[in-house]
Amino acid sequence: MKRLVLLVVVITLAFAAVGCKSTSDHLSAIKDAGKIVVGTSADYPPFEFVDEAGTTTGFDVELMNEIAKRMGVTVEWTDMPFDSLIAAVQEGKIDASIAAFNYDEERDKTVDFTDAYYTTEDSFTVQEGFTGDLSDPMNLANYLVGAQSGTVQDGWITDNLVTPGLLPEDKYFRYERVDQAALDLQAGRIEVLMADYVPAQAVVSQFGGMTIVYHGVLSTGPLNIVVPEGDTALKDEINRVLKELQTEGFVEELAFKYFSE
Amino acid sequence: MAKPILTIKNLTKKYGENVIFHDISLTVNEGDTIVIIGPSGTGKSTLLRCINLLTCADDGQIWLDDLEITAKGCDDDRVRQHIGMVFQNFLLFNHLNALDNVMLGLTKVKHMKPDEARVKALRELERVGLADRAEHYPGQLSGGQQQRVAIARALAMDPRIMLFDEPTSALDPELIGEVLEVMRKLALEGMTMLVVTHEMGFAREVADRIVFLEKGSIVEEGPPDELFYRPKHDRTREFLWKITELYGKKDENK
Amino acid sequence: MDVAKFLQYIASGTAYTVGVTLIALPSGLILGTLLALLNVYSGKTSKALTNLYSTVMRGIPPIVLLFILYFIVSGSINLSPFLAGSISLGIVSSAYQMEIVRGAILSVSGGQMMAARAVGMSKRQAIRNVILPQTLRLAIPPWSNEAAIVIKDSSLVYALGVPEILRRAQLISASTQQPFLAYAAAAVIYFILVFITSRLLDGLEKQLRIPANP
């Protein structure tokens, strides 16, 4: 019986204890520790991916490493699925996240965004020989469409096509990762893949037999780094370094390295 | 002057509305062998379990020597050490060999050193004629051998009294003899025993007194000769007649 | 592209998979055994509570529980995703292991407990010396099954950011666009792990089998 009571107490405690960290001295804690824990989802080349040596690299990764260096700390990279990143920042599991995040009102309610470090466009990728008409983006509703779940493209399709009833739910496919969507495009299970322009270009060059028929700003726009809600000290510090890197032309060079095909 | 080892006074046991036995009083003196007989379902097994505190009686008292074991605050585990129990279906510890079966109570309950316990356990196995089977597991022993190990296990605890709950009922006929033989020997050695059995031959030969239990009450008790040849009650006579005929028929069929 | 290097990268996730399993399985066994004992031997209230625990835990997909537990466990104590994930998976497994052990306890006849008490053992002594040694032997075959499930479920901790085999296969699939190669490599590793485990447990069962005449 005693053991039972103990068990109940332990379980209750576990459920009751919810992490509540004060954010005021988060930045100084990071600087004291000499490291910042940054989450990403390394399945999104060329922004973030794993190279042959098993090292996480990419545009976002190199940028963040440089930001950290100038803050006087090193980055401890944590890889997790894209969908888990926001929750992880919110729960304080990671200090910040960089994963080609676009600003998004929903996300802004639970976390904060830094200034933009790069601006992306949306794109529609199709198989070569596609005969449809996508000059008006709203025409997307006429095809079998795929996108990566949890991305701004997913949000755009849901808000503008699915919810108004233009695109039936069963003609819209959400993928955990963009490469899975590309495989289905290749196999003909979807007709159009909506994705960030830059990774779409990477997909096209790696898969072959595909082409990008539209690019422009629909859902996307500036990319930002995600920091915990209300953590202005950390946000300001990253913004300060970002400005420095942009003035020096570091970001532009990095974009040239990763995005020019 | 005979010294009572076990005294039962006005013991009653019910399961809900169902009365198992009612107002049972019985005394077992040192060195006595008491045999309880009676039709099945008359609460004989439950009575033994009450004595061993494996089941709680609803009313009445039990003394072991001078200690009232039904009293509140009585240490059940301590009492059971002093009462040996042999079950109908042996109930040896299946994962232990014969020697370890006998040793377990010695090391865990009596906190004997393993070496001493081993010597003692071997002696008890020898007492039931199974020293050569010490390393055998229950699954490797015949029913009769298993029951003899079970007896040795109970004896090892040096009990004040041994309770036997139909010790031969689950055995093939040809294995009954070896178990009864061990029990007979124990009785001769002066062990105090309370035996529930249908073995009338054993009862007649070994018992000091026989208790006839029916429908939860003691109908008659007395020395074997009196009970078998001059029963006071018709019900006793009927039961004995039925049981001899039953066993007689069994013998004819062989 | 260097295929060998990529395969090696995937294979090096094995350490995490094995690590997660080695923490989750025994902690699930200990917790599951305690729960099973409470369920069988500890009265009505604990029976009801443990039954509720088992029903709820087994009624929710492991991945959902994993997320909930992860954010509870590591929200209160600062644990690495690896530890938090392993413990969470152990808690998920404990409900299944409780059922395994409970089934085994019930199939060890009630008479064994009675016989142990009759010799003068306390309930606790009887459980430790008579019931558990038999129960755990009986539990090995179904437990081997649960071990295979936990090894495979360990892939779920990728969702918490533990770079185990599946997550590495996903990353390689993304960077090489060779999903078949990446996932086949992962499949082979999982299979080998499960195969070895079930062989080891088979061996253990034979080793511990109680001798009996045929």
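Note that the chains are named A, B and C in the order they appear, and that numbering of residues resets to 1 at the start of each chain.
One rule holds for everything that comes next: contacts are C-beta pairs under 8 Å (C-beta built on N, C-alpha and C of every residue); 3 or more make two chains touch, one makes a residue touch a chain.
Every value quoted in this text rests on a predicted model; they were computed, and no experiment measured them.
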(message) Using only alpha carbons, which chain's centroid is the nearest to the whole structure's centroid?
(response) C
(message) Taking each chain's centre as the mean of its CA atoms, which one is most distant from subunit C?
(response) B
(request) Write down the chain pair with more C-beta contact pairs when B-C is set against A-C. (result) A-C
(message) On a C-alpha centroid basis, what's the spacing between subunit A and subunit B, in Å?
(response) 77
(request) For subunit B and subunit C, let me know how many angstrom lie between their CA-based centres, rounded off. (result) 45
(message) Can you work out the whole-Å distance between the CA centroids of subunit A and subunit C?
(response) 33
(message) Where in subunit C do residues touch at least two different other chains?
(response) none
(message) Touching residues of subunit C toward subunit A in the complex: what are they?
(response) 1-2, 5-6, 8-9, 12, 34, 38, 42-43, 45-46, 49, 71-77, 81, 158-161, 163, 167-168, 170-175, 177, 179
(message) Please output the residues of subunit A touching subunit C within their complex, sorted ascending.
(response) 1, 3-4, 7-8, 13-15, 17-19, 39, 42-45, 49-54, 78-81, 84, 87-88, 91, 93, 177-180, 182-183, 203, 206-207
(message) Under the stated contact criterion, what part of subunit C meets subunit B in this complex?
(response) 108-109, 111-112, 114-122, 125, 129-130, 133-134, 137, 210-213
(request) Enumerate the contact residues on subunit B facing subunit C in the complex. (result) 52, 54, 77-78, 80-85, 87, 89, 91-95, 104-105, 108-109, 137-140, 150, 153-154, 157
